[in-house]
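Consider the two complexes below, in which chain A is the common component and chain B and chain C are the respective partners.
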Partner chain A sequence: MITYLGRRAFHSILSVIGLLTLVFFLTRLTGDPSALYLPLDSTAEARAAFARLNGLDQPIYWQFLEYLRDLLQLDFGESLRQNRSAMQVALEAFPETLKLAAVAITLSTALAILVGSLAAARPGSMFDRVASLISLAGASAPDFWVAIVGILVFAVGLGLLPTSGTGTWAHWIMPTFVLMLRPFGLLVQVVRGTMLSALASPYIKTARAKGLPRQKIIFGHALRNSLLPVVTVAGDLATSLVNGAVVVESIFGWPGIGKLMIDSIIQRDFAVVQSTILVTATAIFILNIAIDLLYTVLDPRIRY
Partner chain B sequence: MSDATNPILKVDGLTVDFLSDDEPVRAVDDVSFHVSRGETLVILGESGSGKSVSTSTVMDLIDCPPGDIVAGSCLFDGVELSALGAEARRSINGRRIAMIFQDPLAYLNPVYTVGRQIEEVYESHGAASGKGARAKTIELLRRVGIPEPENRVDFYPHQFSGGQRQRVMIAMAIALKPDILIADEPTTALDVSVQAQILDLLRDLQRETGMALIMITHDLEVASSMADRIIVMNGGKVVETGIAKEVFSNPLHAYTRRLISALPHGNAEAAPNRRSTTIADKTLLKVEHLTKHYVLASGAFSSKRTFKAVDDISFEVGRGETLGIVGESGSGKSSVARMLLGLSVPSAGKAIFAGENIFEMNEKRLMAFRRKVQMVFQDPYGSMNPRMRVYSIISEPWVIHRDILSKDRWKARVAELLELVGLLPEHADRYPHQFSGGQRQRIAIARALASEPELIVCDEAVSALDVSIQAQVIDLLADLRSRLSLSYIFITHDLPIVRHFADRIMVMKDGKIVEEGQTSALFGAPRHEYTQSLLQAVPKPKWLASSIVGA
Partner chain C sequence: MTIITPDIKPAAVPGSGSVLLAYLKRDKLALAAAIFLAIVVLAAVLGPWLVGDAASRLGLRQRNLAPFSLASGWIYVLGADTLGRPILARLIVGAQNTFGIAAAAVFASMLVGGTLGLIAGYSERWYSHLILRLADVVMSFPSLLLALIVLYTLGPSITNLVIVLAVTRMPIYLRTARAEVLELRERMFVSAARAMGAKPARIIIRHIAPLVLPTLVTISAIDFATVILSESALSFLGLGIQPPDFTWGAMVANGRGYLATAWWIAFWPGFAIMLTTLSLNILSNWARTVADPQQRWRLQTLRKAAR
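Let's look at the complex of A and B:
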């Protein structure tokens, strides 16, 4: 177990280094920041001075080596936009994303397990068909479209909910709902499928022969055996949310890491882009290890 | 012994259909039987005979739809079961009628400890809970013969052996001392010596509790060793019913007679001899000091441990000869086959095939060698690609070994091979799932024959088949041997099967050969005690066992 965790951590660190290298060079392909940060009529001298100040006059491989050296000293660079530590900027935005992701993925998983199990318990029933319809619609509806329609109807039209921003619990409703749609839709399908095969398993026959009550058979015996694929898919979906729900955060003005990332890319704020990537990548690797550990809790046959 | 006038369960005129896209399929047709306290009723039949469906209906385990109980009544202790409400019906399952199944690994929930699964029986019927249920569970595990039940109670099903898992299933079923225990093929997946222990346990428990036992089996020996009365089912109908001894000694129905004559070891002299007629003179395969070690997990503080799957064995197979390798699970018999076919690498040893050590062949020689040695597996369905037609399955060796046959002759040759194994040429266009188990095994044999082998290794090739089908497949193999001068290595856990088929038998235990000899000599006077115990573990008819009569 300990060796397993050590190996996973080592692999994760290698992957993060590879990712950071890639991001470092890709961001620099977007162009020269001085074009954005200096007035349009700046002289060539002013541009050169800006470049020198931010180390952009060096050859790119030299910039990369300096970046690596700084990383080892836990110096993640300065934000060009905000003139403060880039890592600080990223770490301020990240909890906002985490909160939203945690609420959305927890609610959608719990709801999907309930709906999917009940649908699988009576396949072909009215409930099953309605649940399938809703989940398919949820999984296939484009989130930006739902978000914009939601704002038009509930914020602009009816005036029930705020259009964007944070603060009250009402600000949570639309972003959470839009973020839940796809995970909910996909997970209902996964739960229904795995529950159907679990309910057809021999051990369910044993449970029936024992005279167990129906809800105990469904939620005690079948569900527990169906959870592995659900955890896999839910983990994958959680990963994409932790990565920053770029579209949803942008539309609803949610000050999360997805919005920060897209703003920083547009502004060529290289240090902040790199820091956000480092933060989310670390979070995702931790999440994946946690999912692997969860497997061992759910299925005693899995041991590392 | 039993009160025949007042049966605890009386099933009358039971008829069950399964709805399908076209006409409903009748699985059980007008089946009646009854069983009394303390009595053992055996329902004997081959797969698809409807024997499991009848008892599953009694247990309310048939989903409707697709099931459809057309007619019939199940009177349990004076109560009509089909008239009960869901809650009342549920309270009977597990408390008054309990059931155990064929494959305990699949029928136990893999994610819960065995203790939890047994405690559940007490809890769901309000008999005990918490510490009380746990104490009873431990006591129960001790009764069914699980060693160290205080610790093992917290183990998961996969941490037990096959026989122990079936003991756990039995413990679960008898927890509330049911009036009836239904055992659906309870020993089919087990080794013969473990089977004997489980059958003994069932007999003991029946004597202790006086429960009625309904035992479903396709195995005539198991049936004869357990039954007071027997009903024989075929095609959903009861074809014969009566006192077990009478049915066995004087079967009335043609189907029962055929079943009993297919028994591989009923009467040693009367059975047809399927051994090879020619005497093997030339050695085809010579195995010397074959060894396979597996290194088990070695931790930082424990020294390296090795498991000897195959431990320094030597044997020969002559041309046209059949060598039977007999052993229980874990004896290393399949490891031998896997190494001979190059599916795993031996730790040491030689295997000389036609003058050349197969473990030292280069790629090209190995390719040629693989043509000459083919394998037929236990599960023909699992060893065939379900999305390939029979034509592609049989002709695949010719895709790999291009020199065997030119492509324009494939179609004719596939038809020829199908006829050779007793199928029809038009079967070439079908998929594996459209065949029965016995037919699939014929396809597997045809595939093995396609590359014109000299040696065929059969790994439990008939173990999954019904008795009468087993005999047919063995007949086919014997026939092919004389027509194509093949050699066989026939691996099985079932000693009697090879009795009339193998020329020589090699008995394996824990990776070693414990006894080897000509088949008739080995059966006539087994020298090693393990061989003797294997032969004795074959169930004996109940009416010959003295202790039970009149109990």
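Let's look at the complex of A and C:
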């Protein structure tokens, strides 16, 4: 168990370092930030001073070595845009995304388990067909378009919900719904598939022969054994949920990590881009380990 | 991926065209999806030739023309955008870029990912481990964020868009190909080829790759919908395709600013994306049912009920 976790952590750290290296050199290719942060008529001396102050006059490999050294000292650099620690900026935005993502993935998983199980209990029934079609539509819909149609109908048309921003609970409805759509669609199909095969297995026949009530067979016996693939897919989806968050946050003006990332890339705020990547990658890495541990809880036969 | 399948009766082999067509006719939803996709592909191929002029012709009198009116001609049935260009014509023309980019990206990622997977699966040298680690790096990070950074760096263009989409989808082909090779390389025919002195390159290309290819093609068909969605999201965020070229995703972005006055500009292209990806998913679900001997009876019994 410990060796497994250690190996897993080692690989993840390698991945994160690879990613940071890649992003470091890529962001440095986007151009000189002094062109963006100083007035157009500023002198060459002022530009040179700005570059020196932020260490941009050094050769790029030297900048990279300095970056690595600072990283080891837990110094993540200063945000050019906000004049404070880049990590602080990233960590302020992160909980906003985490809240949204946690609500979305929890709701969509719970709903998908319910709908998928009921669909699998009566394959070919009306409920099953409608659920299949809805889940397919959810998995196929472009999230940015659903968001826009949502704004069109509920904000512009009916005036029921705010178009963007945060604050009241009404601000949560549209972003959460849009973010839930794709995970829900994919998860319903997974739950339905695994439940179908679970319900066809001999121990379900036994349970039925014992005269157990239907709900108990479906949710007690079959579901328990179908949860493993569902957790795997839900974990994978949590990673891609960040993709959805980028779109949703930029449309609804949600001050999370996705919006911060887009703004920082466009404004060449390198340190913030790197900090957000570090935070996101670490969160995903912790999530993956948590899922591995969850396996052992769900299926006692699994040991590491 | 077995080569010998003696237990399947010739009548049930879902390979011949007429049998497949019969199965397709039985599933009304899949049939509708197939017809819709055929129309869209036709539009993508012939569109610019048919309505290319109409799509870029400015019409001052048709500015923000509302949909469902035939007063200005059938081409304006879905309305017009802020410059008076008919949306239907732009949808037809935009289909070419939307499909072309997705197809190129899927093909590139299948080719490169498949090749790397073959190498990583067959060889156990250091570069195999390196390939796997690189796939991990790509897999472990949200693809859209990675694509945004790369596109912002290299500059948004169609070529870069295809490269970025291909790279983010590559790990799937890589891992599948590798998993298949790990199993195949222990088989007798590979040992035989090796015993007869075949070089690794020949074994991989002549003996292993043909058996891995069908799986990769199946995955690519399912992946096509995902790539269309990714591309349109990138174009929507403004880092995908750049004017004067456009895809459906870019059309939604254009209409975003006119939601209150002209909803149809953003609505139709997104609706087209949704119908396309939905059709692709319905068809791939259907194909999975047909290809699975344990599920195929559902389609066969449907016929009996219909008679």
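We take it that the second predicted complex is superposed on the first by the 301 of 304 C-alpha atoms of A that agree within 3 Å, B and C clash if a C-alpha of one lies under 4 Å from a C-alpha of the other, contacts with A are read in each partner's own complex, and residues count from 1 in each chain.
Just so it is clear, contacts are C-beta pairs under 8 Å (C-beta built on N, C-alpha and C of every residue); 3 or more make two chains touch, one makes a residue touch a chain.
Values in this document were obtained by computation on a predicted structure and should not be read as measured data.
Contact comparison for chain A: of chain B and chain C, C touches the greater number of residues. Here chain C touches chain A in the complex through residues 29, 133-134, 136-137, 140-145, 148-150, 152-154, 225, 229, 232-233, 236-237, 249, 252, 256, 259-260, 263, 266-267, 269-271, 273-274, 277-278, 280-282, 285, 298, going by the rule given at the top.
Those residues of chain A whose C-beta lies close enough to touch chain C in the complex are 11-12, 14-15, 18-19, 22-23, 26-27, 29-30, 124, 133, 136-137, 139-146, 148-149, 151-152, 156, 239-240, 242-243, 246-247, 250, 258, 261-262, 265-266, 273, 277, 280-281, 284-285, 288.
Taken in their complex, chain A has these residues touching chain B: 201-203, 205-213, 216, 221, 224-225, 298-301. Against chain A, in their complex, chain B makes its touches with residues 59-61, 90-95, 98-99, 101, 103, 106-112, 120-121, 124-125, 156, 158, 169, 172-173.
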